[in-house]
C-alpha cells in the first residue's frame, strides 16, 4: 500500500498514524466527541495491518481491555474525552499498580460533566496527575499541532514501554479536529522502544523485580513465564502483601522509576529564552499563539520568550526554574481556570511575578489577548 | 407563521366528511418549526400535500383531507395541527 | 386514570417547555420527535399532572428529549439515566418516573443499570428508542447494530452479535416488555399508556430511524423510506405466533411481549419494611 | 489596542482566511478538505482547516475554515475572513460580519437572495449542479471550481487531482465536469 | 483434547503455584476450593498446556482463586474481569481464557461486562461461583440473594428480586450455559470440561457455600450442612422437565441449560475481516 | 426509642449518626472495605426513621442515585473507599455541574488500585480536589477522631446544602474502624442547614439564577417548579449553551460560590501556634499524634505548635500563612507520598523550611516518629 | 506433615477392594493444609474418619475406604491425596 | 532515641493497653467492644478500641486492642501491651513480643501449652465454657470475667451490664454465669 507520505490529517488522525508507527496493534475504545475519529480510524486501519480493534461497552471496559491485551503482549491504546477519562480512572490505577504499559489519549473538551462536547479545553491537566486514588506517579505528554502529534504519540508509546506505565496523551478539541498537512515519518526515522523481555529462566523469574532502573522486564503470555498480576499491593513476586516494608518498596518503585528519570521524560521547547525577562509557559494548542506573541514582542524589541511543555507530567521544576532564571514575569497561558499555573508557581522563586492568562469559555486564546497581557507587564 | 394558502384540488372529490370550503384549511402548518423532512407529504394517504421550494408541505389538495391524524402524529416537529380536530 | 375530553391535535403544545427554543436539535425526520409526540399524547390521555412526572435521560440524540417537555427533567450522564431515576423514584415513590434512552445509552454503557432496574422491578417506565446506532456521536456501532451492518466503527460490516433489548429485559426480570415502531403510531401510543399504568418496571422498545447515519451507511434511504421499511418488516405478536423461526428472520415482532402483574414492586416492598420497623 | 508591541509591529497579516459555509448536507467539509489538500500539495504554503460541530458530532457541520499562509500558522482559527463562500441565506447572514473589509464574497445566487453588499460574486451553484452537472451533490465542487477561478490560491489541475483522489469511485467524470463548470462560470464574472 | 493417563488423586499438586503460600485465604470448608480442584482436574484431563491458559478474575473471595494456580493469572478490579479477559482473548486468540468470578463481581458491578461478553459470544469460559452473598466484604446482599434472605445490608430480609444468572446469560446471548453445585462434584468437573471445549462464550454457574456469612445469617449451618442442602434441593434438567413450576420452586436445576454450537465466535469473525482486508 | 446518648462507636458509626442528625434520609451505596459499616448501619437505621437505603449495583449507580434523590428533594449520602471513589468521579462531576448537594464519604485505604483494603492511608486527598475532569471547585472535610466525626459529618451536610455542591468527607481506615465513646448531640445542639427553597412564582423561576451569594434556591420535585437539569454547560435557565459568555459565567459561578466564602468553609484547629517557631500541619487520624508531639515539645520548652485541617478543600492559603507567621519550619505529616505538603508550600514564604513527614506503608505515624523529626529541626 | 497413624477399625470388615493391611494407609492427609472444615469427615460414605482434637480428620476406619474419591475431590484445601489412586 | 524532647519529658505512659487475641470464631471483637463500653460507662477514663482485619473485611478478625487512659488518647493504636489475653497458642506466639516487660499475660490454659514466661495467669476458658457455662461460645465472656478480677480496670457490675446489653436475648443467664466463673476462677489465682 503506497500512499503519499504527506497527507492532510486531523490531529486525531495524526495520533493514529503515530500510534501505528510506534507499534500499536490493539485498540479498545468507546466513542466520544471529540476523540471519536481515533476509534473510527483504528477500526478501519488496524485490520489492514493485522491489528485488532474492538469497540467495548464503555470506557471502563475499554481501559480494562487494553490492559489485558498489553499484559498479553501487545502495544495498546485507547482514546476518550473528559467523561470517559473519569470513568477510566479506576483501571488506569490498575495499570499503575501492575506496571502495565499502555497509552490513553484524552482529547480534551470543556467540563465538568458532559460540559461542552464540541468545545476546546485543557481542564483535565490536573486529573491526568491525580485522577485515580492512591499514590503513584504519572506521565502525560501534550503535542501542540497536528504535525507534532505524530512524534509525540510515538514518544508516549516509548515512554509507556520504557517505564512500564500508562501514559496519557493530552490532546484537545482544536488539535484533534483541526487539519494540517503532515509528513508521515519513514521507518527508522523515529526510535521505537519495545518492552524489555526477561532473560531469567522461568523458575527464577521475579516479575516485579527491583532492577537498577526500577523497571522490571515484562514477558508476553505464552513465552513460558507464568506469573501473577494483581491490583493489590504486592511483593516483587507479584503476591499480595500487607507487610509495611514491602508496601513502601512497591510504592517507592512506582514513584522513583519515573522521578529518577525525569530528565529523560521531560521535554519542552524553549524559544528565545536565553535572555528573556518575560516568558510564556504554555502547552497544547495554546503554544502556537504564545510562540507568535513572543516573536512579535521580540520584533518590537522586548526580551520575551516562550516555553512550551511537551511533557506535562512529571513536571520538571528544575528545568523551568533554570529556563526562567532571568525572568521577572512569567505568563502561564492555559485553557482552564488555572491548573499548570500552580506548578509554575512552585517552580519559580517568589520574586518572579506569575500571571495566569486563562480562558475557559470554549474558545482558544488569541495572539491579541496574549499581546494585550504582555503589554501590561512589559 | 401558518400556511393559509388554499390550493385547489384538481382531481376527484375528497372522501372527507369535513367540508373545508367555508372555513380555514384542514391543517395549520407551523413553517418555522417544520424541517422539511417530507414525512407528512409521503405518509398522507390522500396526497393532500405537495412540497414547496424548500421541501415544506403545502396543502395542495385540502379537500382530500379526512383528518385521519397520520400527518400530525408523525410530524417529528409538532409543526402540524388540525383546524378541525 | 382520569377521563379526559377528546384530545385535540394541538394538545402537545400544552406540554412543550416554555422558554425553550423550538424546533428541536434533531435532524429533519428523526423518529425521536414522533416518540415524543406519542409520549405527550399518552400522558395527556392518562390525565397525569405535569408535576408528578419526572423524565430522566442519559446522553444521546434520544436523551435530549426531556428538555423539550414541561415536566421535571433530568438530563444526566451517558448510560446512567436508570440509576439516577432509581434515586428519583425511591425518593418520590408517588411520582411517575420515565426514562428516555437510546440503544447505546441503555445497552452499551448503561447495560448494567438496565438489567438491575429490570431485576428490581422498580416502577419506572423506560422508553428505549432503538435506532441501531449511536446517532449523537456520528454513527458508530451500537449493541443493537445487526451483524454485517455498516457504521463508522464497523467499516467492514459488523462482526458482533446484537442484543435483543426485549429478550435481555425479560431475562433480567422486567415485568412489562413491549416493542413498537415509529411507523405504527397508534400502537406506540397505546403501549406507552399501558407501560405508564403498569406497576413495576416497564420497557417499551421503539424501533426508530436514524436515517442520517444508520440509513445512510446502510443504504436504507431517508426518513420516509425507513418508516416504510418498518411497516413492511413488522408483524404483530399475534401473527408471529403462527410463523416459523425462518419466516420471522429479519422481522420486527411488535406488540406486548411479556407482562407479569403479580410481581411485587421494589418501592412498595421497601415501604413494608419501613412500616414494620419505623420507630 | 495599539500598545507597545502591536503599535510597533502589528499582527502580521500574511494569512489568507477562507470560510466555506452552507447547510448540513451541502458538503462544505468535504470541499474544505479537498481545497486544503490541493493547496498543501501545490506546495509553498501552509494550510490549516477547522470546522464547527453540532451537539457532540452529530449533524453535518455547516462551516469550515481554511487558513493559508506562506509563514508558519500560529493561530489556527479564522479571525477576519478574506473569502467567504455562502451556499445559503442563513449562512450568509451568520458569517457576513466576519468578512474583512474588501474580502471576497461568493454566494449561491440561486439560494441567496439578500446580499448586504454589491461587491460579490453570485453563481447558482445548486442549480448548475442539478441542471448541468447531473447531480445536486456536486454543487460544492462547482463552488470549488469558482474559488479556483476567482483566486490564485491553487492551480486548477492540482485541485482537480485532489478532488478526484477523494471522490467516490464512479463519480470522477461528474466531479471533473463540475469543477470546469464552476471555473468557467466564475471566470465570466471575474472583474 | 489429548488423551491422558488415568488421573492421580494428587494431580492438582502439579498445578499449584510454586512459591505461593498454602493453604488459601478461604475460610475452612469454603466451596471455592472445591471448584478450584474441579477446574484443575478438568484442565488436566483435557491436557491443556499451562502456558496456554489465562485465568482472569475480579475482586472477591472467589476471585482470589487464580493466584493459587500455575497459569497466567490476572487478578483485576472488582467486576471487570470479563473486560480484561476480552482484551487477553482478543490479543491471544489461541489461548484458553477463563474467568473466575463471584455473584457480586459478575452480576452487581460487573453485570454490564457479563452481558456484553455473552452477546459477543467471545470464547471465554466463565465460572461464576454463586454463594448468594458478598463474601469478601463480610456478608452484604448480592444480586442473587433471594428475596427475604438476610445479609448485613438486608437486616430485615431482602426486599429485592434476584437474578438467575443462567437466564440472564441466555437472554444476553451466551452459547453455553450450565449450572452445577459444589456438592455434585463429578457433574461439576464434567461441565467445566464441556465449557472449556465449547467454542464461544460459556457460563458455568456453581452453587456454592459461604457458610461464614450466608449460612450463618440465614441459619443454614456449616459447610457440611450447606452441601447437604444443595444435595437435597437439586434436580437435574432431565428430571426438571417433568416437574411443575410449583414443584421446581426453591430447587436448583442442575445440568446444561443451553447450548448453541452454530453461533459464530467473535475472534473468529474478526479474523475473517483481517484476512479479507490485510494489505 | 431512647438510647443512651453516650455510645461506643466506630468512626463509621459516628458518621451515620452525624448524617442522620443532619437530616440525611437517603443512602445509596455499594459495599467496600473499610467503609462498609456505614452502609450496613444505614440499612438498619434508615427504615426506622422513615428514610431509605438502597444497595446499588455499583458505585457509579450509587452516586447517580443520591444525585437523583437529592434533586428530588432529600438530603443524601453515599460512602465508599478508593476504587469506588474513582468510579464515582464522573457522576461527582455531574453533581458539581448541576449544583446538587450531597455528601460522599471516602474512608481511605491504601492505593493505587485495589491496593491495601484494610490498611490506612490518606492518599486520596488530591483526588478529592482534582478527581473528575473539567474545572470546578471542591469542598472536602476531614475529622480526626470518632468523636469529631459526628459534628464534621453534620458540617459536611451543611456545607453541601449551603453551597449546593457535593462535599467529600474524608475519613480513613483508622478513624472508620476505631471505636471510641461518643456523646451523641441533642437536637438543637448543632445547627442544621436546610437548602434554600425558591420563593419566585414558578413561571418566573430561574433555576440557576445568579444570586448575590451565587447559590441558587433549589426546589424539590412536586413543589410546582419544573425545570431542566443537565450536565451540559448551561445558562441560568438550565438550558445547554455554547455561548462563550454564558459558559464563563457558569464556570465562574461554580468556582466563586465557594472561593468567595472560603473563610466560612475553612476550618482548622490551631494549638499553641501563637508563638510557634515550628509547627505541625496535619489532618485526619494523624492529627492526634501531631497534637501529642507538639504538647510534649512544649513541655520540654520548645515553641512548637500544631495545625489540624478540618477543611482540606478549599485550602485556605492565607489562614495557614497567618497562623505560621512566626514559624521557621513547618512539618507536614500525612499518610501518603506528599499531597497536602504542596499546598502548604504554596501557602508559606520561601524562607520557611517545609519538612514532609510522610508514611505510606499502611501504618499510622507514631508520636515517636514525629518527635524524632522534631528533634532534627529544633 | 502427613498423617500416617493407623487407627484400627473396630467394626465390620470394609467393603473395599483394596487391601491396606500390607501398605500405607488409604489416604495421605496434609495436616498443615487441612483447616478442619469437617467436609471429608461428614461426606465419607464409609465413615473412615474421626476428627482429632483440632477437628482434623484421622483415619479411624481405614479398611472401610473404598477409594471412592469423595473426600479428596471435596477437600477445599487439597489436603487429601490417596496412597493408592 | 533520647533526644532533646524525649530525653526531657519522655512519652507519657499514662495509658493501659490491652490486646484480646485468639482465632476467628472466639469472639474477641465482641469481648473488646463490651469491655470498652464498660470502661467507658464506668467513667473517668478514655478508651479506644481497634481491631485487625483479614483480606477486605472477611474472616473473623482475631485481634482487638484497647487503649485506656485518664488523659486524652492521642495515639489510638497499642504500642506496648500492658495486658495480653491469648486464647490460642498461635495468638500467643504472634503477640507475646508486643507485651511490655512486666505486662500481664492471661492464656487459655486448655489450648495454650507453651508459654515463654512463668509469670502468667492460665485459665481453661474454653473448657470452662463447655463444661460449666453450658456453651463453648461464652469462653470470651469468661475471659472478660477473669480480666475484671485480675485488673482494676472496670467494676464487675458495670461489666455485667455491658455484657448483657450486647448479648442476644435469651443468653443473659449464661453470660452472667460465664462472667462469674471467670471472675472467681481468676481470683483464686490472683497473686
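Residue numbering begins at 1 within each chain, and the chains themselves are lettered A, B, C, D, E, F, G and H in the order written.
What we mean here is this: a contact is a pair of C-beta atoms (placed from the backbone, for glycine too) under 8 Å apart; a residue touches a chain by one contact, two chains touch by 3 or more.
Keep in mind that what you see is a predicted model, and the values were worked out from it rather than measured.
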Contact clusters after notional removal of chain E: A, B, C, D, F, H | G
Contacts common to chain A and chain G (chain labels): E
Centre distance in Å when chain B and chain D are each reduced to the mean of their C-alpha atoms: 39
Whole-Å gap between the CA centroids of chain E and chain H: 42
Whole-Å gap between the CA centroids of chain A and chain B: 58
Interface hub residues of chain A, defined as touching at least two other chains: 33, 36, 47, 57-58, 60, 83, 90, 94, 113-114, 117-118, 230-232, 240
Per-residue overlap in chain H, given as positions that touch at least 2 other chains: 54-57
Overlap residues in chain G, where contacts from two or more other chains coincide: none
Contact set on chain F toward chain H in their complex: 6, 8, 33-34, 36, 117-118, 174, 177-181, 285, 288-289, 291-292, 296-297, 299-302, 364, 366-368, 371-372, 374-375, 378
Contacting residues of chain D [partner chain A, same complex]: 1, 3-6, 8-9, 11-12, 33, 36-37, 40-41, 46-57, 73-77, 79
Touching residues on chain G, where the partner in the complex is chain E: 28, 33-39, 42-43, 69-70, 72-82, 85
Chain A partner contacts - residues on chain F that touch it in the complex: 60, 82-83, 85-87, 89-90, 93-94, 96-98, 108, 110-119, 121, 123-124, 126-127, 129-136, 230-233, 242, 244-245, 247-248, 251, 254-255, 336-337, 342, 345-346, 349-350, 360-363
Touching residues on chain C, where the partner in the complex is chain A: 59, 77-79, 108-109, 111, 134, 137-138, 140-141, 143, 152-156
